[in-house]
Amino acid sequence: MLFMSDNAASVHPAVWNAMRAADAPDAPYDGDAVSQQLDARFGALFGRECTVLWVATGTAANCLALASMVPPHGGVICHREAHIEMDEGGAPGFYLHGAKLMLADGESAKLTPDAVRNAIDPIRDDVHQVQPHAISITQASEYGCVYRPDEIAALAKLAKERGLGLQMDGARFANACAFLGGHAADAAGPVDALSFGFVKNGGLGAEAIVFFDTQLADVARYRRKRAGHLQSKGRYLAAQLLAMLDGDVWLDNARAANAAAAEIASVANARLMHPVEANEIFLRCSAAEREALRMQGFRFYDWGADAARLVTAWNTPQEHAVALSKAIASL
Amino acid sequence: MLFMSDNAASVHPAVWNAMRAADAPDAPYDGDAVSQQLDARFGALFGRECTVLWVATGTAANCLALASMVPPHGGVICHREAHIEMDEGGAPGFYLHGAKLMLADGESAKLTPDAVRNAIDPIRDDVHQVQPHAISITQASEYGCVYRPDEIAALAKLAKERGLGLQMDGARFANACAFLGGHAADAAGPVDALSFGFVKNGGLGAEAIVFFDTQLADVARYRRKRAGHLQSKGRYLAAQLLAMLDGDVWLDNARAANAAAAEIASVANARLMHPVEANEIFLRCSAAEREALRMQGFRFYDWGADAARLVTAWNTPQEHAVALSKAIASL
Amino acid sequence: MLFMSDNAASVHPAVWNAMRAADAPDAPYDGDAVSQQLDARFGALFGRECTVLWVATGTAANCLALASMVPPHGGVICHREAHIEMDEGGAPGFYLHGAKLMLADGESAKLTPDAVRNAIDPIRDDVHQVQPHAISITQASEYGCVYRPDEIAALAKLAKERGLGLQMDGARFANACAFLGGHAADAAGPVDALSFGFVKNGGLGAEAIVFFDTQLADVARYRRKRAGHLQSKGRYLAAQLLAMLDGDVWLDNARAANAAAAEIASVANARLMHPVEANEIFLRCSAAEREALRMQGFRFYDWGADAARLVTAWNTPQEHAVALSKAIASL
Amino acid sequence: MLFMSDNAASVHPAVWNAMRAADAPDAPYDGDAVSQQLDARFGALFGRECTVLWVATGTAANCLALASMVPPHGGVICHREAHIEMDEGGAPGFYLHGAKLMLADGESAKLTPDAVRNAIDPIRDDVHQVQPHAISITQASEYGCVYRPDEIAALAKLAKERGLGLQMDGARFANACAFLGGHAADAAGPVDALSFGFVKNGGLGAEAIVFFDTQLADVARYRRKRAGHLQSKGRYLAAQLLAMLDGDVWLDNARAANAAAAEIASVANARLMHPVEANEIFLRCSAAEREALRMQGFRFYDWGADAARLVTAWNTPQEHAVALSKAIASL
């Protein structure tokens, strides 16, 4: 019973079908008929004009979006525990040519306007200090918590005042959106670019960079090629994205993962380190308790010495979630 | 009747089957059971120890291999018309952090030891000049010509004398290998790293970087993550590679493409700008002649003002090749 | 009798005096009273608003100017024999983060609008190709030849049409200006940024980057710090520049060097490979002839197998120039 | 009465004299007779073979040394308040091509082996995490505290065990050395490279990178050119360094600055935030107290809301130090 991560789950059948349906030769790179539909389809979803580029990974999505906003001598404000700081092997340093991640604090890995101000006001216009050019937020956050629309709006307002871009890492955007009621525009708010994750949610190897500031896409297009991420058979990536949008597969998958997480969280009470709003549970439990869970067949990561991280996926079997729920209640 | 490029052809059925067979959840990234087989399988093919990393594109494969050999202040000697110089949107400049491509000449886009010496001897140990750290050759070359084993050996000897790495761009390695008789080790020779292409030959989105100098792979592994090319569901990439190795699908596909090219070349005679040794034909023909071919339903790229480039693929229908052959004969 | 280069000549007495005069402690970096005068003083010289940054070397000056115009995924069009391509140890690749130098041809190392168009038109808007963002020209050129005002204007017009920045490497700007009659504005034309060289013309270690597009200076200021070129005792650099502007020392020095070169050129006739318009002479002469010159005490660089490069400086003794002139006449 | 910083102090007369003495033309760059003496002279000082490169700034010195040890995908462990992290405008990100500064803690801005282990042990060999390649320490530290020889030795032992380079930022190395008794080898310990600062100690614009691991210098030499830091009249930089070594000017200057600081510290008692071991005093004092000092003519920087930073220099007048001392005693 796997609660390691959603990032290695199986591919959704609709995705397989769409990929096979795209098998006939077509124009290479992103000139094919499927890729050409992306802007309109995502535009309809968000109710807002956008330009969409596919890439294979969330790391590339985040970095290409940020690289379109931030010059090499600039900086990106992000949470101290953001994925771009903690887990991407230095990719932002590579894609942004040594631009600096400027770390700020906040509950449950969510930034606040005050935290951003504290990080940047003291060094404003000081040539000896890297100056910020963008803010990056994660929806849902590293701790599975969801920015509410007004929280995003407040950060966007600050970004605009300071001339900063606003980028959203949405590796689990679908889960955040499901939590907020299913309206994509609410979950994204007025960000300039969104890394809309599909791989963790039933895709094979395709994420969407959604540029609401479409001029940024003109830059990102060249950067994508330059980073070796312009696949020649792009139609197979575009097909994955459209298959997930069709009939709201993306939202159904996220709801299923969230429901499994809620099932488990419902018994965890005081053990919860953070509210469970998406598909991740951070559970206070001792090494002995973790061992007990593992003896019952549950697989998951330790989170430091005194906690576990449990992640559900679009296809987590209902019975596995129930079993884990019971096991936690019995600890 | 498509002779545009092999880079957007359909995916081979064996590849689809292998991907579906890998659908059960497994360890993420390259920790899965399929990825774990790569070193041994490629090692057996080449009769030589190697470490293999999958990536989605040939651009990434070439650049990651070179980045493991060349520091930012160094240079790579390549042919003036090499793909890394001409068509990768500045990717080497990105991955190698501004290292310089040092251009050399040679017939049919193949380097010779003399050409390499001419490029580097005059600037040796001059601190005002970028110093070479690697040689990059393309098998088959940009003009569809194949390095013979003794030619590779001579370049490898020079590389060793000068302390340079030797990298092979094998986007069409299979076609070169088929031309040379089908022995992978002959077609690769003693290079340090090979970008073994599968996408143009029936794959979906997976290429293999084969490191014969396995220490280079230790570097490339970190660089791959840093470049956003460590996909979380890597088993689907590994499965593509193994599906092509199984039963020599890769070689059969390349032979089919080469045979189609040979069929066409057989009538082209003096129109050929380069020997046809793989699956590309560079054909002298006027704008009017190209128009005539297009009127008959053939699609292909112009090659400057007075020539056309025709590329066959693993699934080019025999009747299309015959038809094109006749059409050329009738020009 | 030294004709090696002007780049290691002695420092002009006025420069020494000005440096000593700036010895009292003042604000660090470029906050001091001397540095604060630069914009106005250069603005008066060029009759045009500008922002001026000092740096220690021409390499840094060129690269910082270009880095303010060109993003990492872009390119710079320059002459195939430009200093930034040939002699700066890969500095543009470093400062521009892997941006590409796009090489073009032209007589005596001078670019023409046609040469620029030939270099960039065929790859326009092709995502597989690095796109140009700036043109770099050298005044005087690598072969000591001077762009006339109308030639610069034509290039500036093209740059504007194509949305490209225009940068001038003026390592020997003073010599070019002296040739054109001494009006700085004529020699610079409508470029966006000029590397105005002082080191080769009697300075110790200070060059001026003159930004006529002053917004570029806002970027370059951060880049200068980031490159370790914001010296803490900047007043000693600023003092050098002002000392040279005072009483037109810079122009007198350049005139002296040009006159010495003209003296030598006057006897060289058909041996001249390029018109002698500044302070460099490229002289056709055999190895035996060069040996003969060296036996008479002249020191200079070979220029390939069949030529010599002779450079005069601000303090080349008149009798040395006359002696060399006679020696050449006697070859 | 200036206690702002030592970085804009006047140039020592011996330095002026040596520069003037080097005025005759010589080989350009670092081929001149003065530059050629550096290795031997510093080798004698440290009693250890070394290769020495001059550069104009400490930022360049630190970054070039680190760039010779750390690949772009690697990291540098430094103190959270190290100058390379706090005050160099992102220069390490530029010179190291996006390599990561891995921050660690420690009293008075000094690293300890435990702090280093805490920073790197949890992420060891994890491809998703930047791996360390070097440790950087500052002698004296950002808070004017001095590493004792056994402290450096312990860090060097750890570095060796883990295969890490060890670099020392010695912007105030002379002050640290004076504190330790004047033996350069004690103050440097077994580091691989030392940025030996001269500018803050009476130089004009020259620092020495002392490579005890001389192979690193082979890399740094190319990187220096590439960074635009290979000045053509290098003899004027080398002359500054030698002038300071001659007759131990460097040590006398540092002793004078330290003595002035000690004078001030002697009255500060509980106001001292850190031991005063070099030439910096961090003084707890309220805004009103700082205002009072300023009213008496003292100039210095605030250090946050409740403290002041006071820095003495080689030429701080004795009477100024005494006056400040009295003023502090009277607060």
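So that you can tell them apart, the chains are marked A, B, C and D in the order they are listed, and the count of residues begins at 1 in each.
In this text, contacts are C-beta pairs under 8 Å (C-beta built on N, C-alpha and C of every residue); 3 or more make two chains touch, one makes a residue touch a chain.
Because the structure is predicted, anything quoted here is derived from the model rather than measured.
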Chain B and chain C share contacts with A, D
So which chain is farthest from chain A, going by the mean of the CA atoms in each chain? C
State, to the nearest whole Å, the distance from the C-alpha centre of chain A to the C-alpha centre of chain B. 34
Distance between the CA centroids of chain B and chain D (whole Å) is 49
Quick one: which residues in chain A touch 2 or more of the other chains? 72-73, 88-90, 93-94, 97, 127-128, 222, 225-226, 230
Using the touch definition up top, name the residues of chain B that touch chain C in the complex. 72-73, 75, 87-90, 92-94, 96-100, 127-130
Touching residues on chain B, where the partner in the complex is chain D: 29, 71-73, 97, 127-128, 131, 219, 221-223, 225-226, 230
Please give the residue numbers of chain C that touch chain D in the complex, ascending. 2, 4-5, 7-11, 16, 19-20, 23-28, 32, 55-61, 63, 88-91, 93-95, 199-200, 204-205, 222, 225-233, 235-237
